[in-house]
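Down below is the structure, laid out as structure tokens.
Each chain gets a letter, A, B and C, in the order it is written, and its residues are counted from 1.
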Amino acid sequence: MFEKDNELLKIKNLQISFNTPSGTFPAVKDVSFEVNRHHIMGIVGESGCGKSVTSLSIMKLLPSNAVCKGTIEFLGADINRMEEKRIRELRGDDISMIFQEPLTSLNPLWKVGKQIDENLKMHTALDKKGRYQEVLDIMKDVGLPDTENLYHKYPHELSGGMRQRIGIAIAIACKPKLIIADEPTTALDVTIQAQILELLKEINATKGSSIIFISHDLGVIKEICQEVCVMYAGYIVEKASVHKLFEAPKHPYTMGLIKSIPTTASKGKRLFDIPGKVPSITDTIPGCPFEPRCPYKKPRCAQEFPEFHPIDEGHDSRCFFAGDF
Amino acid sequence: MKKKKISLYIGIIIIVSLLILMIVSFFYTPYSVTEMNRIKRFSAPSSEHWFGTDNFGRDILSRIMIGSQTAFFVGLVAVSIGLLFGVVIGAVAGYFGGWIDVFIMRIMDAMMAFPGILFALMFVSIFGVGIRNTIIAIGIMSIPSFARITRSGYIQHKEFEYVKNARVKGVSNIRIIFSHILPNVISPIIVAASMGFSSAVLSEAALSFLGLGVQPPNPSWGRMLNESQMYISIAPWYAIVPGIMITLIVLGFNFLGDGIRDLQDKRK
Amino acid sequence: MKEKILEVINLKKHYTLKRTKLFVKPGAVKALNGIDFSIYKGETFGLVGESGCGKSTAGHTIIRLLDPTEGKILFKGQDITTLKGKELKEIRSDIQIIFQDTTGALNPKKTIEWILNEPLIAHGIGKAERTKIILENIGLVGLDESYLKRYPHELSGGQRQRIGILSALILRPDFIIADEPVSALDVSVQAQILNLMNDLQDKLGLTYLFISHDLNVVHFFCDRIAVMYLGEIMELADAENLYRKTYHPYTQSLISAIPGENEFMEERILLKGDAPNPLNPPSGCFFHPRCFKKMPVCEKIKPEKIEIEKDHFVCCHLYGKER
């Protein structure tokens, strides 16, 4: 379905654990997925599932006590085994990141224009004048008004929506091939969120950047992503096109998650709730990680560990009985 | 992480050693502190007198030991006065805010602007010298800094939702201030108390050095420093020993305070 | 005629800023700029809006954590607007509040048991009685005795919210204000808590004022909903009508902004520009700078509240007399 030269990022058997004085904790236990050019891939999951850690590992932004195993192939080169110098060249240039909280991810003491300029300084050969013009153009591209004045403002002088646009401007400054967006609209009002999602879709369409979009909000994933991975307790439990995932999910966790969201159909009734809670990072489970909470569980699920396997074309699941759903 | 605990350990070792010295002094000193011996005046440290003797032939070690009681006593009571009033004042100012806060803190600012030793001097010259007034003066001097630390904790916490929760459940303000918020803001106050202890000891030493604190024949490390100045060329140990003791107790409490603060930071 | 449990009349909450210039009167942040609504016994009333709209301020003011600048609050017919001291404490056993921030809402240095005891102590209940009440009620929120000796940080977000709900219920109030109670929770936990709140409403005959920014949740949970913008109510109707027969342009853009497959609106309306600054609200209708149906009159005159259909109110010149 996808040709070899269309592949941008290929993650295989990613495992990330953290070394602490009280022991080693696995945050990501087995993650594999591919992102192609011009593609928008979503990673969805609840807190503690490992989605943020996964995204940080792509840019090698994990803290020093993190141990990262597996391969992260970007355009053929394994980021996991790359030297620091080479990765710094990639960061901001070929791969960039948009964070959730623009107030803390922007430098409060620098003018916002300067922060975009900094990215261009590091990765392009433009001179000062050229960069200034480029920054203004980028700011216009992300829908910011009155760019000449705005260039000289500080982050705290801007609204949340505008700050996030600056964050996006910094991310797209060098026309990256891949943008990692970690919950970029979670902290924004719903009307501003709608604007930002439109902007990201536009960037994907006109500038061709692929996007990895991380969120806990299934609605947002549905809105913007073409393909999605569902994560639970450090594993990807289902991967499919957005259409197929919502139409016919093939993992009990995904099914439970979808049913938990209030819709018009659920008004006046009880919401489906997945009993129990997410396993803690220290729990070691022999069988399927979701088994304790699964309404469809069978004896096999507690004893054997399910591997990630294809059910349908472009639809993979980590459930033994996925084919039955 | 282990490196940071060194402050704490050093502080604990020093203070505990001095405490042991103090406790022992209640039951036993090698010589009586007032026993004078003309023959043995200014004798250097020896096996008979580990720290030598002073200008009256009194055993310096024994006087140092009893002096430790003064040091700890002064520190404890002065800091207690400062804590008691300072925390209450700071809590009320921080929690209620408004003109109460402005009024109280202007008074605290005035107190802080006034040089501490000068205040103690004035107090002692009006109310008389001696250990009781020394402690009261030092205690009063320390109120503003405790008030300030407490107040900032309360200003922060009164906006937290657990406080709003308590108010909305009908809990009385006094109970909120002392039962609900205090346990959450006490950490920096404890660090300040430890530092305050050493500062109280230093102040007492200064006052006694000036002759206004503890009066003869009661031993105080500060006064010993004072008395030994004249004889420093013939009996240097007389000055050195109390100087070292003051340094030790101040360092001890400072290390302890640092160590406690590091512990709290680590926990965060 | 249904019984009214709460009536809010022209409620205003203004924060005056510090005076910076000697002869210039300081400005004010008009967090609440005159809201009116009533809540009937047994219903769930929703207050929805984006950040800065004043919905949390409304909740805090109604429960008298804040003092209103103007207006009236009538609870069960009694005017509680200016109550103080003992009288205020008495109504605390009738109206309670659940907060959003589950980590901050419980005292981090105290055990769950201590936290649950406090409201009872404040109302003069003796030790034996308190223990009995706590043990009897802990099951109400789906927890058991073993949680009593724990500290808040040992509990998950969902469990902490259950304790938050229990501490609000323990005085057996009739009316509960829920200020974004599920916004900080994962989707699956959110479902559990919403189910719990529904069950409790049936079991205990509660009335809810439900404050949230999540349009899906509000539609699901509430009977009637008011949409707020910059301290004012733009539209008020029952849930179905508000979402399907939307009149106010702001409400329309709000509902169309719901991401994913939007069940209520097909067209996505994208608002231009930014959220307004509460320090410097626009003239006339607060929404006019961003309104896609703006008319000249909107800049000058504030629209009045109109009942456009039975029990469906709108504040918009499009439907007013001055068209």
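The working rule: contacts are C-beta pairs under 8 Å (C-beta built on N, C-alpha and C of every residue); 3 or more make two chains touch, one makes a residue touch a chain.
Note that the coordinates shown come from a computational prediction; the quantities given were computed from them, not determined experimentally.
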| item | value |
| --- | --- |
| Graph class of chain-chain contacts, one of line, ring, star, complete, other | line |
| Chain occupying the middle, per Cα centroid | C |
| CA centroid of chain A to CA centroid of chain C, Å | 32 |
| Inter-chain centre distance, chain A versus chain B - centres from mean C-alpha coordinates, in Å | 56 |
| Centroid spacing, where centroids are CA-atom means, of chain B and chain C in whole angstrom | 51 |
| Junction residues of chain C, two or more chains touched | none |
| Contact footprint of chain B on chain C as seen in their complex | 60, 63, 65, 89, 92-93, 96-97, 99, 101, 104-110, 118-119, 121-123, 164, 167, 171 |
| Chain B to chain C touching residues, read off their complex | 160-162, 164-172, 175, 180, 183-184 |
| Chain A - residues contacting chain C, complex | 46-47, 145, 159-162, 189-195, 197-198, 216-224, 246, 256-257, 260-264, 266-267, 270-274, 277-278 |
| Residue ranges of chain C in contact with chain A within the complex | 50-51, 156-158, 186-192, 194-195, 198, 213, 215-217, 219-221, 239, 253-254, 256-261, 263-264, 268, 270-271, 273-275 |
